[in-house]
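Each chain gets a letter, A, B, C, D, E and F, in the order it is written, and its residues are counted from 1.
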Amino acid sequence: DFKMSLEEIKPQFGVDQSGFDNRLSGGFIDYGAGFNTLHEDCKALVENLKNSETTSLLSVLLSGERGAGKTAFAAKIAMESGFPFVKMITPEDFVGYSEAGKLAKITKIFDDAYKSPLSLIVLDDIERLIEFIHIGPRFSNHILQALLVLVKKKPSNKDRKLFIIGTTSIKSILSELDLVDGFNVNIKLPLLKEKEEIVEVLNSISDDEATNQDIATACPNIPIKELILIAEMAIQKGGGVLSTDIFLECYETTR
Amino acid sequence: DFKMSLEEIKPQFGVDQSGFDNRLSGGFIDYGAGFNTLHEDCKALVENLKNSETTSLLSVLLSGERGAGKTAFAAKIAMESGFPFVKMITPEDFVGYSEAGKLAKITKIFDDAYKSPLSLIVLDDIERLIEFIHIGPRFSNHILQALLVLVKKKPSNKDRKLFIIGTTSIKSILSELDLVDGFNVNIKLPLLKEKEEIVEVLNSISDDEATNQDIATACPNIPIKELILIAEMAIQKGGGVLSTDIFLECYETTR
Amino acid sequence: DFKMSLEEIKPQFGVDQSGFDNRLSGGFIDYGAGFNTLHEDCKALVENLKNSETTSLLSVLLSGERGAGKTAFAAKIAMESGFPFVKMITPEDFVGYSEAGKLAKITKIFDDAYKSPLSLIVLDDIERLIEFIHIGPRFSNHILQALLVLVKKKPSNKDRKLFIIGTTSIKSILSELDLVDGFNVNIKLPLLKEKEEIVEVLNSISDDEATNQDIATACPNIPIKELILIAEMAIQKGGGVLSTDIFLECYETTR
Amino acid sequence: DFKMSLEEIKPQFGVDQSGFDNRLSGGFIDYGAGFNTLHEDCKALVENLKNSETTSLLSVLLSGERGAGKTAFAAKIAMESGFPFVKMITPEDFVGYSEAGKLAKITKIFDDAYKSPLSLIVLDDIERLIEFIHIGPRFSNHILQALLVLVKKKPSNKDRKLFIIGTTSIKSILSELDLVDGFNVNIKLPLLKEKEEIVEVLNSISDDEATNQDIATACPNIPIKELILIAEMAIQKGGGVLSTDIFLECYETTR
Amino acid sequence: DFKMSLEEIKPQFGVDQSGFDNRLSGGFIDYGAGFNTLHEDCKALVENLKNSETTSLLSVLLSGERGAGKTAFAAKIAMESGFPFVKMITPEDFVGYSEAGKLAKITKIFDDAYKSPLSLIVLDDIERLIEFIHIGPRFSNHILQALLVLVKKKPSNKDRKLFIIGTTSIKSILSELDLVDGFNVNIKLPLLKEKEEIVEVLNSISDDEATNQDIATACPNIPIKELILIAEMAIQKGGGVLSTDIFLECYETTR
Amino acid sequence: DFKMSLEEIKPQFGVDQSGFDNRLSGGFIDYGAGFNTLHEDCKALVENLKNSETTSLLSVLLSGERGAGKTAFAAKIAMESGFPFVKMITPEDFVGYSEAGKLAKITKIFDDAYKSPLSLIVLDDIERLIEFIHIGPRFSNHILQALLVLVKKKPSNKDRKLFIIGTTSIKSILSELDLVDGFNVNIKLPLLKEKEEIVEVLNSISDDEATNQDIATACPNIPIKELILIAEMAIQKGGGVLSTDIFLECYETTR
C-alpha cells in the first residue's frame, strides 16, 4: 500500500520540513527497478558525503521533463537523509519577491547550512529561481551568478558537510549558462516509459489490474504528475470507478 | 428570454463580485450546442475539484480570439461555482500600477485564496497582465514568473481547493512563454461560426427572425462582442428596427 | 464666412475646454462633401452612444497624415458633443513629465470620466503619448499597456457613457502594437486632394477666387496645416495680397 | 573691417544674451552673395512672424556640416531679431546634467517664452541635446519626445509669438527621428565652396590679398571654423605674417 | 607524504589568510616536472618584483580549464610569497552583494594594498567576479572597467610593490574584454595529461601503485579536482580500497 | 643621462601635480628624431595658444597602441607647459566611482580650468573614461556626451585659455563615436620601430651597447612600456647584467 506513513522518514532534529511534507503528502511510489536504482544511487551519494573525511560538498543535478517527479524525488531524498538541516529553496516561496529579496533569502539559507554539521539543500526548479524565459532569453543574472558560486562553495569549516540537489527541466540551457558543470553528479529522471511502471502507479490508485494494464498500454511515456491527475479525474467522472474509456477521454482534454 | 436574473448565480458567502456582475450585466446567452458542451465541461471540472480527495488545484486556460466572449464565459463559471472565494484578476484594475504594485496585489489575492476552503481565481487577459507586446517582444518577466509559479502552486493546507481560469487571445505566445504547460486543461472558445449560433444571439436582441437569418448568412465567423455592438448600432440607426442593410453598413465602418 | 463664433459649440456644464478652444481658435472650415460626410458620421456615433440603452463605451480612431487636421477635427467633435465632461489628453500637456507622472494624469482623467454621466476623451497624437520612435523601436510600454486597457474598459456604473477619440498619423504601427483592434470604429482623414477642397480653404483666407483656383491646381494633396501656413506667409510677403508665384516660392522653402 | 561693434545688434529689453555674445565675440563675416541670401531669408521669416495676425509659431531647422557656422548664424539671427526674449538652449550648459535636470531646464525656458509677447529660442546642436550617438544608436528618448512636441506647440495665448531655430549636422538622422517634419522651414548652410567666399573670410584676418587668393585656390570646401583656426595658427607660426606654405602645413596637421 | 604541514608557508605579519588556508586544506601536490616549472617561474616573478628598484607592479594571469587547480596554485604562490599583505578576492565572498557593494570591497582591498610595502592580491575566477555569462553575453561592465584599470595601476608611492594573480577558465573571452592585455605575464595551467602526473596525484591518496597506474592509463586529460573527488568516492564505495573498476564506475556517473 | 631632475619642469604656481610626477618618476627618454619632432610640435601648439589673441581653446588627440608611451608623453607636455592649472583626468582616479560621481568630478575640473588664465587638461585613456568595451559595444553615453561637448567648449571669458590633450589606443572607435572630430589636432605616437630608437631606450637602462644593438635587432616594433619591463626582468634574472638570451626568454613569457 503506497499510503505509507511519512513519520518514519522525518529528519530528527527539529528541522523545518513543511516544504517537504507538502511535496510528499500524496505518498511516494517506488514504481520499478529503474526508478529504484536512481533512488539507491542518490542515497549512496548522501552516505558518501556523510562518511567522507575529505569531501565537504557534494552536489547532484536532477533533470527530467515537466511533471516527471523531480521535486518529489528530491524531497524524498532530503527526508531520508536524516540530516539535521534540510531545506528546500523553491520558487513557490519567492512569488512577489524582488531580486534582491530573493537573493538575500537564498544566501541566508546557505549561510545557515554552513553552520550545521550536516546539511542538505534542494534548489528546486532552477529555471524558475533564476527567472529564465526562452524569449530574449531573459533571466536574473544576479541570481544565476549566486547559484554558480554557491553550488561550488565549500563550507569554510572543514567539519561541515553540505549536500545540494538541484532540479531542472531544461538541463541543456542550464548547461549553456555554465551551471551544469558546477554540479558533481548528473541524474536524469525519465518519464514513465515501461508498461510495468505505469501499472505500478495506477495500482496505488485503483485496484482493477486489467484496466490499469489497458491504460498503461494506451499511454506510454507519460509524466507521473499527469498520470495521477487524469486517473483521479477519470475515477470521479466514472462515479468512483476507473475505466479505460473515461481515462482516455480525460487524457484528451488535458492535451 | 436571455435577460435572466443574475441573482440566482451569485455566490453565497459575501464574496466580492463586482467584477463579475459588471461582466455579465448584459445577460448571458447560451448560443448553441457547441457552446453548451464547453460550458458543461467547465462546470464538471469545478465539481471534480470540489469533490476530489487528493487534487487541491485545478487550472484551465481559456483561449480564443479578441471578443470571442472569454471573459464573460469565465465570469459565468465563477458565478456558478458557488465557491465562497471568487476573484477576478483583471488588467482593468491595474491601470497606472507599477510592476511591483501589480505583483503585490496578485500575490495578495492568491494568499487570500489559500485561506479559503474553496477558491476560484480568474486570471483575465493574461497578455495584458504580463504587459506583453509583440514588438521586441516586451513583457514583464517578473509578473510572468509569478504567474508561472502561481498556476502550479497548491494551497499548502491539504483541505483547501483552488480553481484557476486563465484567459488569453495569444495562446501560441503564452506557450512560448512556458505558461500553457502550467495549466492542467486547455479549452478553446471559437468565434460564432454556425449560422444558428449567430441567429441565437441576434434573437436575444431583436425579434425579426427573418432578418436575423439574413444577417447570420452574411457575416460568418464573427466575434460575439462585435455582433452585439453592431446590432445595437444598426437598431439605433434604423430608428429602433434592425434591418440587414443598415447592419451591413455598420459592419463595414467597424472594419 | 468661416470665422463663425465658437460660442455656440461650447459644452454647457462648466467643462474645462481651454484645450479645445485653443485648437479651434483659427476657425473651422467644412471644406467639402467628403469632409462633411466624415463629420456627420462621427456626430452620429456620439448620438448613438448617448441614446443607447446597452452600449456604455464607444471608441473611434482617427488616422491621417501629419497636418491633415486630425486634432482640430477631434476638438470640433468634442465641442459639438455637448457632453458635460470633455477632455483632451495631449502630449503638449506632458512635456517634461516622467512616465509615472504621465500615467497618473491619464488614469486620473479616465477616473473622472467614469464619474460623469456623459464623457468624451480625446487621446491626441497617440504615438507621442506612448513616446514612440521608429529607431529601436522605442516606446513607453507602460503607457501603451494602460491605453490598451483604457480604450476597452467600460465605466463600472452602467448609467455612465464614455466616448473616446484617438488620433494618430502612424496607424499601421499602432496596429502592430495591438492598439487599433481596441477601437470600435476606424476613420481616415485624407489630405486635401480635390481641387475644390483646396479652393474652399483658400477662400476663407483670401478673396481672389482666380488665384485660389491657380494655387489649388498647382498643389494637390497638401495637408491643410501646410496650406494655411504657406498662404499666410505668401500674403505677408506680397504685402497683403496673395499671388500664385509668391505662394509657390514659399511652398518651396518649406519642403 | 569685420571687427564691427556688437552693440548695435543687442536686443533691447534686458535679455540674457551672454550665450549669444560669446558666440559672436570673434565678429561676424557676411562672406558672399549665397550666404547673404540665407541671412535675408531668415530675417524675413522673423519679420513674418512678428507681423502675422494668425501665425503664432514659426520654426526653422538650420543644417550643415560640423564647423559650417550654424551656431554663429543662429546667434546672429537671434541678436538681430530685437525680440525681448531670446535664449540659446545649448548642450554646453548641460554638461553633467541628468536627463531629468536637462528636461526641466528646457521645459522652463519654453514656459518662460510662452509668457513673452515675442520670443526666439535657439535649440543648438540638437544631436547633442538628445545625446545621440550612432553606435546603437543611442539617444535620450525623453528629451527627443519633448523636442518633438515643443517645436510644434503654439503659445496658448494667441497674442504670444515664438520663433524657434534648431541647428544640426545630422539632418538625415533627425529626419528618421521624425524631428525634421516638425520644423516649418529647412535651411542648409553650406561649407565655404566658392573661392571668393574663402578670400572674403581671409581678408578679415590678413591683408595680403594675393596670399589669400592662393590659399582659397588650394583649400576648397572648408568649414569656416577650420579656416579661421588654421589661418591663426599659420600667422603665429609665420611670426605675424600669413604665408601659403605655412598655412598648408598647418592644414595638414589638423587632418 | 603530501599531507605536509601548512604552517611553514604562512605569511609572517598577521595577514588575513583564512581564504588561503581553506584552499590548501587538502594539501598541495607538486605532481611533476611540468607543474614544477610553472611553480618556479611564478616564484621567480614574485622575487623579481621584491628586488626590483624600478618595477612596482607585476601581474600574472593564470588560465586553465575548470578544476585544473588554478585557485589552489594561486593560493600556494600567495602563501609562499611571504608578503605582509596577501589577499584573495573571490566571488565566494560576494554572494548576495550588489554591484556597488562588490565594487566598494574590491576598491578597498586595493587601497589597503597600496599602503603596504609588499602586497599580493589574487583576483580569483575573474569571470565570476565580473558576473560574465555567455548568453547575451552579459557581465558587469562596472566591475570589468574597475579591473581593467586596477591591474595596470601602480601604487602611487614608489616604495610600494604590488603583485597581482588573476585566474580564469575563459581566457579567450577575457581577451575580447581587453583584460588579458592588462596582465604582464600569461601562464596556462594544463590538465593532468601525462600518465606520471595522474599517478603522482593518486599516490597521495592511495598506496596501490599498480591500480594507480591502471587508472592513469584509462583517464587521460582529467582535471585534478575531478580526479581527487572520484578517487575519494571510489575508495568509499570500495570499503576503503581503491579499485580501477569502481573508479571508472564513479567516473561515469559524474559525466 | 636620462635620470634628469624633474624639478626643472614643474609648473610654478602651486599646481596639483602628483598625477604627473608619478607618471614621469621613471624618467623621460627622448629616444630619437621622430619622437623629438612630435615633442616639438606639441610644445609649439601650447605656445600658439598662449600667444594667440583670438583662439581660446586648442585640443590635441594623442593616439597609439597600448604601452606606446602616450600617458607619459602627455604628462611631459603638461609639466613643460608652465601653465598655472594643469590637471590629469585619469580612470585610475575613478575606480569604484558611479557614473554620476565621475561626471561630477570631470565637470568640476573643467569648471576650475575656466577660472584660470592658462589651463591644460589631460583626458587620459578616453576609452576607460567612457567605460568602453567592444562586446556590445557598451560605454557610458552620459560621459561620452559630456566629453563631446567639453572638448569643444570655449572658456566663456575671452581672456582664459584652455589646452586639452586626449589619449587613446582605439582612435578608430572614438571616431565612430564622433569624438575624434571634436579635437583640433591629431597626433599618432608610434611604437619603437627604428633600431636606433630601441637602442636609445636600452642605453638608459644598461651600458652594454653591443647587447643593446642585438636586442634591438631581435625585437622591432615593441611598445616602450614592454621594452623597459622586460629589460628590467632580464637584468634581475641575469644577476644585474643584461644579456640578449635572457632578454628574449623574458620576452617570450610576456607574450
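Couple of notes before you dig in:
Please note the rule applied: contacts are C-beta pairs under 8 Å (C-beta built on N, C-alpha and C of every residue); 3 or more make two chains touch, one makes a residue touch a chain.
Remember, predicted model here, so these are calculated numbers, not experimental data.
Separation of subunit A from subunit E in touch steps, taking the shortest path, is 1. In terms of the stated touch criterion, subunit C and subunit D have no partners in common. Subunit A and subunit B touch with mostly distinct residues; of the residue numbers seen at this interface, under half occur in both copies. On a Cα centroid basis, the chain most remote from subunit E in this structure is C. Superposition on CA atoms relates subunit A and subunit F by a rotation of 120 degrees, given as a multiple of 5.
Centroids built from CA atoms put subunit E at 60 Å from subunit B.
Subunit B and subunit C have centres, each the mean of its CA atoms, that are 35 Å apart.
Averaged C-alpha coordinates put the centre of subunit B at 69 Å from the centre of subunit F.
In subunit B, no residue touches at least two other chains.
Shown here, the protein chains touch around one cycle, each chain meeting exactly two partners. Each chain touches its neighbours in a single ring, whose members, counted from subunit C through subunit D onward, are C, D, F, E, A, B. Note for the complex: subunit C touches subunit D at residues 18, 22, 25-26, 66, 91-92, 94-96, 98, 128, 131, 133-135, 138, 228-229, 232-233, 236-237, 253-255.
Within the complex formed with subunit A, the subunit B residues making contact are 41, 44, 48, 51-52, 54-55, 100, 103-104, 106-107, 110, 137, 139, 141-142, 144-146, 148-150, 153-154, 156, 158, 176-178, 181, 184-186.
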